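For reference, chains read A, B and C in written order, and residue numbers begin at 1 within each chain.
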Amino acid sequence: MEIAICPHCKKEIPEDVKFCPHCSSAVTSVSYATIFSWRWADKIFLFTVILIFIGFFQPWFPGSILDQEDSLSAFQMLLNVNNLEIDFLESYNILRMALIVPIFAMLIYLLAYLRTGMQKSEFLPIFLFIIACISIFPFFFSLVGIFFGIILSVVFLGGIIFYFKSAFRKGRLGYASYFLILFFICLSGFIYQLDLAQTFYLKLEEFNFSETYGFWITWFIFGILILVIVLNFMKTAEDFWLMLGGMAFSIVGYHTFINPLFISGPFAFFADNFRMVGIQTATHIKIVAIALVIAIFTGVPLGIYITRNKTAADIVLYLASIMITIPSIALFGFMMPILSSIDRVLDAVNGIGIGAVPAVIALALYSQLPIIRNTYIAIRNVDPATIEAGRGMGMTNFQLLIQLQLPLSAPVIMAGVRTAVIMSIAIAAIAAYIGAGGLGLFVSEGLQMATNDSVIAGAISMGLLAILADIFLGRVENWITPTGLKIKR
Amino acid sequence: MGIMLSLQEVTKIYPGAEHIKAVDSLSFDLEEGEICTLVGPSGCGKTTAMKMINRLIPITSGKILIDDQNINRMDTIELRRSIGYVIQNIGLFPNMTIAENIATIPKLKGWDHDRIAEKVESLLEIVNLPAEEFMGRYPRELSGGQQQRIGVARGMAADPPIMLMDEPFGAIDPINREHLQDEFLKIQAKVKKTIVFVTHDIDEAIKMGDKICLLKDGKLVQFASPEELLTEPANGFVRDFVGGDRTLKRLNLLTIKTAMNPDPPVIMQNELPEKAKSMLSELKLDHLIVVDNEKRLIGYVDQEALTKKADEVGDIAQSTEAFLPASSSLKDGLSEIFTYELGYLIVVDEDKKVLGTLREEGIKNILRR
Amino acid sequence: MQIRLFYPFIKKCAPFVVTAIIVLLLYKYYGAFKYTSDNLPEFFRLNYEHFFLVIVSMAAAGSVGVFLGIIMTRKGFERFGSAIMAMVNVWQSIPSLGVIALAYGFLPLIGFSGIGVVPALIALFFHAVAPIVRNTYAGVKDVSNDVIESATGMGMTPNQILFKIEIPNALPVIMGGIRTATAIIVGSAPLAFLIGGGGLGFWIFTGIALMDMGILIAGAVPVAIIAMLFDTLLAKLEKIIVSKGIQVKEYQTA
């Protein structure tokens, strides 16, 4: 699902064609344009803009809705701006105003895409142009009066166009794109007329950031997390439009049908309990990590051993698969009385909670199956010819293992570890019920005390953790695979 | 015997590659019951041309007529069901038994149960795979050669008037390939279907085809019978493609019957040796063929043999291996001539009756014509 | 001599026998027997609820999953293919507790209750549909191109090809996906109790809360048995409906 690009003229071509329809050169190899061929700065910039764009329609962003009964979204405020009292305007903070910019930035991005295709991001210069139109020119006007303001604006504008002239080339839209540019210039006049610019620039010293630090950190971190996830899943222009469409639909959808404030509950929960969320996430990760390390160090050698012994293989695999059918919660419960006494002795897990040790041990046991099974299959599937060649060259069994079998099986073993990690994150969530802590705590407490916000917040955080872990491990898997074995998915 | 398949100025241009014609104004007519082999170097468009006949690839311009009907006006599915289709990698359905595989199209056409069962059995007999043994088997239990035969049987299942075959013997090892080719020709002798057969092997094309259609870069270079292709190649390309040994290739095509000297002088086995002697000196021969009352080959006598004392020629006749049935190829004939002491070959029929002799002169004469 | 003949038989039975013995011992020791027999009607009710959860969500996931997987392979739907795949993967990555929690939290907003059997079913469905979709897609895509080409050339309509060739040939892989999904559902079903979905989770969580191993085991062992039961049933089903021409010879039962 990537766009094929002709290697010569860099235009889009249909997938399996032999000659480029644009430049008629022979297509011997095809390059693909993906979002990953953009510059990083552009990518981050683009998605920050998207996030702010979402926020623009939310009544709770930015600014604490917790002390305002009936708040309007920045969008709504903008529409009603002439009816609102001036001091209300004054209590805006910078971001609300700046949000006008991203809206048009999105529209301009549409324009840029249609004009230049997905070859390079020429978004930035056009965006600068728009910022200039909307923010700086009105400023010029208000500073030096309209006449000189216009002169200054034209000079500035000319400078941008000249410097980034490739971005303003006639593209797919042809002359329509010039009209759009003209439109935005007029828009700057409109904004000036709205008086906002004056208020914005001249009242700078009166803005306030009264929100809690937790709120901002939460928003920022969410932004980064969502950014990483989305960047990972999006590979082409189509994905981008799908995502944009999805966002637009959901924004419109829940503003129309669903309580617009519902997401603010969990969000507020995060902001208020930020520290607790952080601690539990750390606990969760610690439990999973320790259990995984134990599982790998017992599972991989065991998997290697059973490749040499058939009866052992039958027994071990059977045991491990039985292990999985036991419901996790039951295993936890079973271990608790036995092991909680040991916990007092071990300093390593001290402070995490009574249930941590049984949780770690149970997780280690559960992870055995994927890891052992994958190790077993992987080592058995190493081409016997390779082993024979190695043995013929005089390698000892140990050398065979380290130099041949393990590297060749590494991808499959890693896949097993990945499965084990995802499984462990899920099971560790349940461990909250035996006092191990972790993100499941929010869900369990929320269910008990019927606080929806806590439940949803817990679920979202677990989900994010799982997805991110998967992405991260995917990269590790890629990194571990010897280059000679990179399998094309 | 009318024209079953007619291609008229058929052209194929792929969108996005407008300046290359994959197939360029191809035209030929194929009579009912004939095999036409489409042959040419890789990329010459032979498979493309064939796939246009059953509309797996749409025609850009031109017409294809089957039995005088334009294929573009026919319903695609019905068209394909009336054409047998056999491809290189066979494509047997792994989830069905052999019988079910063969019965696929008849079932879709709504034939009744008994008719299908009968057809499956008879087809298995035709391709030489005993029905009881193979009907219930699955494709993965069969060897490549066997699968290929089932593929052909499946193509013939619904009695299609035309069959398309795309390098059907390409995936088979050379030993079995020759065998399958011979088998196939025997089957064709029985069923007489109109077949379009794609191959890249000129020898196979010559062996299998009644008409050969040689393509290069999408264009028709020559459409002719194998004999004509070998004796009158249209241009240098054809000559090169056929190979420098094209004259020798003709040895494969012709039978020894065409090159023999008919009715050679023979002597009955119960005649007197003296008669043999006199015949030898009269006709100035080195050997004299000895036959029985039915003119069946017994052996020969030469001067040396006649020095022995005997009552009948038959007693001193030496038996010989230097004979071949009249339907053998000239190639085998030439090979035998060089093998045996006689210096020439005796041509016999199925009952070993002497029909003629084959000499190098005779072969040379027929090749030169 | 006679003992020799028994070896393979013993080998096959030994694991089951040993496990059964261990289970019986556990039961005895922790008083699970007593608890179960004391509360027999409840035991049956819980089992019924558990079966209901598993079977209904499995049926739903199976049908919708296979349907989606097939749609993804049809021409013209490839773009949605990776979107659906990504979505479905996300639902699987979120821990089972999380999915249940999300059902509890978000369903009320659409008008459904967040508590009860229906949210539990919905949660289980979303969580487990991924392997089925993935496997169906992979299985149908993997049907050899030669087979499809000869079927098309022979004059089969795309629908006929789908039902007579693509699906039957993809069945082993699809069944594998269904088995994985069932394992996931059975493993997550005990959590349904937390949002009022019933099932054997009731005894399990009660056992933990009261620190009573007997109740815990009385709830946990039936869940494990149900898991094994379904896996075996599905294996048998696979043997029946998958054509013999394509059956996978070597099994690794899990």
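The rule we apply is simple: contacts are C-beta pairs under 8 Å (C-beta built on N, C-alpha and C of every residue); 3 or more make two chains touch, one makes a residue touch a chain.
None of the values given here were measured: they were computed from a predicted structure.
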Legend entry - For chain A and chain B, chains touching each: C
Legend entry - Selected interface, B-C versus A-C, where C-beta contact pairs are more numerous: A-C
Legend entry - Chain closest to the middle, measuring from C-alpha centroids that were averaged per chain: C
Inset, instruction - Could you please state the distance in Å, as a whole number, between where the Cα atoms of chain A are centred and where those of chain B are centred? - result: 66
Inset, instruction - Quick one: report the Å distance separating chain A from chain C, using the average Cα coordinate of each chain. - result: 30
Inset, instruction - Please compute the C-alpha centroid of chain B, do the same for chain C, then give the distance between them in whole Å. - result: 58
Inset, instruction - Show which residues of chain C lie in contact with chain B when the two form their complex. - result: 144, 146-157, 160, 164-165, 168-169, 171, 243-246
Legend entry - chain C-touching residues of chain B, taken from the complex the two chains share: 51, 54, 56, 77-97, 104-105, 108, 138-140, 151, 154-155, 164
Legend entry - Residues on chain A engaged by chain C in the complex (per definition of touch): 1, 233, 238-239, 242, 258-259, 262, 266, 314-315, 317-318, 321-322, 324-334, 336-337, 369, 373, 422, 425-427, 429-430, 433-434, 440, 443-444, 446-447, 452, 455-456, 458-460, 462-463, 466-467, 470
Inset, instruction - Could you please specify the touching residues of chain C with respect to chain A in the complex? - result: 11, 15, 19, 78-79, 81-83, 86, 90, 93-99, 101-102, 104-106, 108-109, 114, 183, 186-187, 190-191, 194-195, 201, 204-205, 207-208, 211, 213, 216-217, 219-220, 223-224, 227-228, 231, 252-254
